[in-house]
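Both complexes shown next keep subunit A, but they swap its partner, so subunit B is in the first and subunit C is in the second.
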Partner chain A sequence: MSELLHVKDLVVKYKTDLETVSAVNGISFSLNKGETIGLVGETGAGKTTTAMTLLRLLPERTGKIERGEIIFNGENLLEADKKRMREIRGEKIAMIFQDPMTALDPVMVVGDQIKEALVFHNRGKLTNEQIDARVEEVLELVGIPASRKNDYPHQFSGGMKQRVVIAIALVCEPDLLIADEPTTALDVTIQAQVLIMMKELRDRLGTSMIMITHDLGIVAQVCDKVAVMYAGEIVEQGTLEDIFAGDRHHPYTVGLFGAIPNINDDAERLNPIDGLMPDPTNLPTGCSFSPRCPHCTERCTLEHPAVHTVNGHSISCHLFEKEVEG
Partner chain B sequence: MIKYVLKRLLMMIPVLIGVSLLIFLLVNSVPGDPASYALGADATAEQIQAFNESIGYYDPLPVRYFNYMKDLLRFDFGTSYVSRLPVMGELSVKVPISIIVAFTAIAGSLLVGIPLGVLSAVKQYSLLDVIPTSMAICLASAPSFWLGLLLMLEFSLRHQWLPSFGVEKPWWFILPMLTLVAIYGSNQMRLTRSSMLETIRQDYISTVRAKGATERVVIWRHALKNALLPVITAAGNNFGILLGGAIVTETLFSLPGLGTFIVNGVKQKDVPVVMGGTITLAALFAFVMLAVDVIYAFADPRVKARYKKMK
Partner chain C sequence: MERIPLVETRHLKKYFDVAAGKLHAVDDVSIQIYEGQTLGVVGESGCGKSTLGRTILRLLEATDGEVLFEGQNILKYNKAEMRGMRRKMQMIFQDPYSSINPRLTVEDIIAEYMIVNKSFGGNRREIYQRTAELMDIVGLAKRLARAYPHELDGGRRQRIGIARALSLSPKFIVCDEPVSALDVSIQAQILNLLMDLQKEMGLTYMFITHNLSVVKHISTDIAVMYLGQCVERAPYQELFANPRHPYTKKLLSAIPVPDLSMRNKQIQPIRGEVTSPINPKPGCRFMSRCEFACEKCAEPLGEPTDFGNHHTCLCVRCREDL
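Coming up: the complex of A and B.
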């Protein structure tokens, strides 16, 4: 399998006059063609910033990419100019946004919103009739009758809107699809529908996918690889089996799984990870999880842990240092 | 949609009756009889008596209101106490001037305000934002009489390019227009700017960018269309206000518009003038508001859908 995307040591900061927010702190991951990677973590872990950085859509004035490389199809996106990025957006890398209620332009019919993506990347290849036919085709593909292409977003339900958003993302058949919590804003029943549909379409079109979510259930359903993010870092990364099975885990991952209530247990209360995510304007010197970690040692508070990898399963924690050496 | 417009037109009738009643009570509760104003201090008691009788001043208030409204139904606005001219004839001269003034001032302020507002929002915090925005704040807070006087000093007195008053030639309107456009254009610009700033942070703008749109498409096709909705509302409101409310500018440049007409009527207790002027103004205002709502429905499909449901 050939490598489609390789992110190396990416650092992104939001800088304002008042403060500097360290949103993404040196993350690295790679994705092969046809694979799906799940970016998991709680709110504020830097998942969406990572996605926006891949498309180079960070807020121009405040969002700064400090260092790193994003190699996509052999091309470093951080060196691409604006024109090249516009060609990539939508055609090569498409994105599904979190909230379908606000992701569509309220004053434009959905058909035109899908059509736009095609027109921007058309360069005279398709005739108008072909474009219209493609719009209808992709609407049917996501399960919306083509006759509804002249309806406005407010005439659709939440789940239908998310289907339209997915149609916009898929209409140019991108190589990489970034889905930023695509089902968070939907009802549980609709979530399942949308998820199954996305999975089917991904398999049919052979698209690679980055699935951003905080729902481990979704990860288990659709992902091949998982990267657990905490405070702008990937603390644990591996295949689906590495993360969901086995007993070598980053304490944060353990906490994440521990927070899921077990249906067979007779637990009175939920079991959250104590404490809060560190302030991204003022990260701890050592391991950023150390203030909440049950295994925290003095070293953890002073020294930033290195990444320890065994068979492609990497964990960024001092606890696993010996294992690698031995 | 048509049903909605008809309904709104019908609703204007009670509004106008309410306005007429209110104004009638107000002008008639001012102390003093109309004859003393109309005939001046030299008039004899008999002359005053005769004048007041001729206009039915000694009838009870409800009878006077009823008689006035009866004439109004035939579009007879009565005769001015002071000038002895039919109010209808006066209105047919003043109203077009006011409409021209209000319309060109609003059109001008939109032409200046929208592009500058978009520019300053897109280039937020750069010089292209700071300069227009600070100019707009200065102009919007400048009193219109002061601004008008400055323009007069420069263009009428120093260069003698344009006259300082009158409406005989179309270009004589330039100075009062400049005054109004400076003030209302600044308002429209600041409104467009804040509305644009809010719109370009919306998720759907990110969606458009993620499709690979050029900035031009993002701003002009998507953001502006959404940002214009509050701007349209404000433009309609300003238009209504300008119809009768550009009194300072009208007085300064001696434009014989509706505003000055009503104010003079009030000063002289000229009941038919005040009544006729105010009712016309109210009717115009109601029409403008209706027009704004119709434009709004065309700009925003969500509003249109609501009107459809209402019929």
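Coming up: the complex of A and C.
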């Protein structure tokens, strides 16, 4: 399989006069064509900042990319100029935003909102009739009758609006689809409909996908690879089997699995992770998970752990150093 | 073991007047909540679960029906009687950001209910002593007593909400989505706290949530609501093992499970979306989305079918093997 996206040692900071927020601290991952990677983590782990950086949509004044490379189809996106980025956004990389209620323009009919990207990226290839036909095709694809293309967003329910947002993202058949918590605002039954639809579309169009979520259940259903993020770092990364079935894990991954109530499990008590996420303006020296880690040693508080990789399953924790060498 | 209901609703109805007609938010709901146990109420957004909780506490006036608390119909109580009653029943709100006063310190927020209710004969020193105890019970550090809510994170704010609800030593607490605004690792801390408090103080909870994994974890009994009606009710093991209502079955299968063995299971999602609760037709409200719908479903619904063992279901075909 050929590599579509490779993110290397990406560091993103938000700088204001008062403070510097270390949002993403040196993450690396890659994604092949047709694959889906899940970015998992709690609020403030840097998942959305990563997505915004890929699209170069960080706030101009405060968001700073300190170092790293984003290689997309052989091109380093961090070196692309504004004009080139505009060509890529929507056509090559598209994004499904978290909240369908605010992602749509309330005073524009949905058909026109879907059409926007097509017209912008058209460059005279398609006639108006072809564009209209494509809009109708995409609407049908996401399960909305084409006759509703002249309706306004408020005439749709939450699940339908999210489908419209997905239709907008898919209309140019992007190579990479970034879905930022696409179902968090939806009810479980609607969530199931949307997830099934996204899976079908991915299989049919061969799109690669980055699925950002905090729901491990969704990851297990949809993704091929998983990257667990904590305080702006990927603490564990591997295939779905590595993360869900393997017996070696980063202590944070173990904590995350222990903290979710499992519907198939009859445990009396949950095992929450003690403490809170570290303040991103003031990250601890050493391992950023060390203040909450049950296996914390003195070394963890002083020295930042390296990434230890075995058969593509990587964990950044001092605990796994010996296993890799031996 | 015979269980005594602490709170019971009988044919409780709450309709809202809207421009298009009557919105049936809670329609003919009869549930029992047993002393020292937890009733989990689940359903999609707009199914009336929050309205049910609020109507039971009389934060909203019921349109019809009865709410029995320790056998007394509290809907007949006058204002003064209700004020006494409110000490016994409290609420924990969904959003810890908007449900506490940003201009009071943590200890003042927790003490407020006791000051208003003149606990300890209105003796401030004793009230603040009790406040310190409550902070200890819910796991808030003493140094935070003079802090303001904006200095705290969501989990700690929700702990303030819990301490405040406990301050009048209630018997019954309605928890309205108390963990849905929190991150998973914090959510587990709060759920454990609620369960510990229940064990120590013998509290009775009505736990409203849309998260079925959470509800299974904390509840003794579960009521599934759909468009204002309680479509199925059963002890939690029974509900998860033998769901009877087609809606419950769909709801259970729609949850994404963090387990690889379930990855390739074929989910049959519910087609369509919740229909309008304004002036609903008689008959089953799930009918338009149900694959087992038949002519009988359009007829007005009778009493729910009782399977014994506290398991009831509001579906005309639930006795058949579907």
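Methods note: the second predicted complex is superposed on the first by the 317 of 326 C-alpha atoms of A that agree within 3 Å, B and C clash if a C-alpha of one lies under 4 Å from a C-alpha of the other, contacts with A are read in each partner's own complex, and residues count from 1 in each chain.
Here is the rule we use: a residue touches a chain if its C-beta (ideal position, glycine included) is under 8 Å from a C-beta of that chain, and two chains touch if they have at least 3 such contacts.
Every value quoted in this text rests on a predicted model; they were computed, and no experiment measured them.
J.: Considering only the touch criterion stated at the top, classify A:Asn262 as touching first (subunit B), second (subunit C), both, or neither.
T.: In the superposition, A:Asn262 touches subunit C alone.
J.: So, A:Leu141: does it touch subunit B (first), subunit C (second), both, or neither?
T.: Touch status of A:Leu141: no partner.
J.: Looking at A:Ala23, would you say it contacts subunit B, subunit C, both, or neither? Reply first, second, both or neither.
T.: It touches nothing on subunit B or subunit C.
J.: Looking at subunit A, which partner touches more of its residues: subunit C or subunit B?
T.: Greater contact footprint in residues on subunit A: C.
J.: Just to be sure I read the superposition right, which of the two partners does A:Leu216 touch: subunit B = first, subunit C = second, or both, or neither?
T.: second
J.: Quick one: classify A:Ile190 as touching subunit B (first), subunit C (second), both or neither.
T.: second
J.: According to the stated criteria, A:Pro106 is in contact with first (subunit B), second (subunit C), both, or neither; which is it?
T.: After superposing on A, A:Pro106 lies in contact with subunit B but is clear of subunit C.
J.: Per the contact definition in the header, classify A:Leu55: touching subunit B only (first), subunit C only (second), both, or neither.
T.: Once the two structures are laid over each other on A, A:Leu55 reaches subunit B alone.
J.: Enumerate the contact residues on subunit C facing subunit A in the complex.
T.: 44-45, 153, 155, 183-189, 191-192, 195, 210-214, 216-217, 240, 250-260, 262-263, 267, 269-270, 273-274
J.: Residues of subunit A touching subunit B in their complex?
T.: Interface residues on the subunit A side: 55, 57, 61, 86-91, 94-95, 97-99, 102-108, 113, 116-117, 120-121, 152, 154-155, 165, 168-169.
J.: Applying the document's contact rule, which stretches of subunit B touch subunit A when the two form their complex?
T.: 124-125, 202-204, 206-214, 217, 222, 225-226, 299-302, 305
J.: In the complex of these two chains, what residues of subunit A are touching subunit C?
T.: Within the complex, subunit A touches subunit C at residues 42-43, 157, 159-160, 187-193, 195-196, 214-221, 240-241, 244-245, 255-264, 267, 269-274, 276-277.
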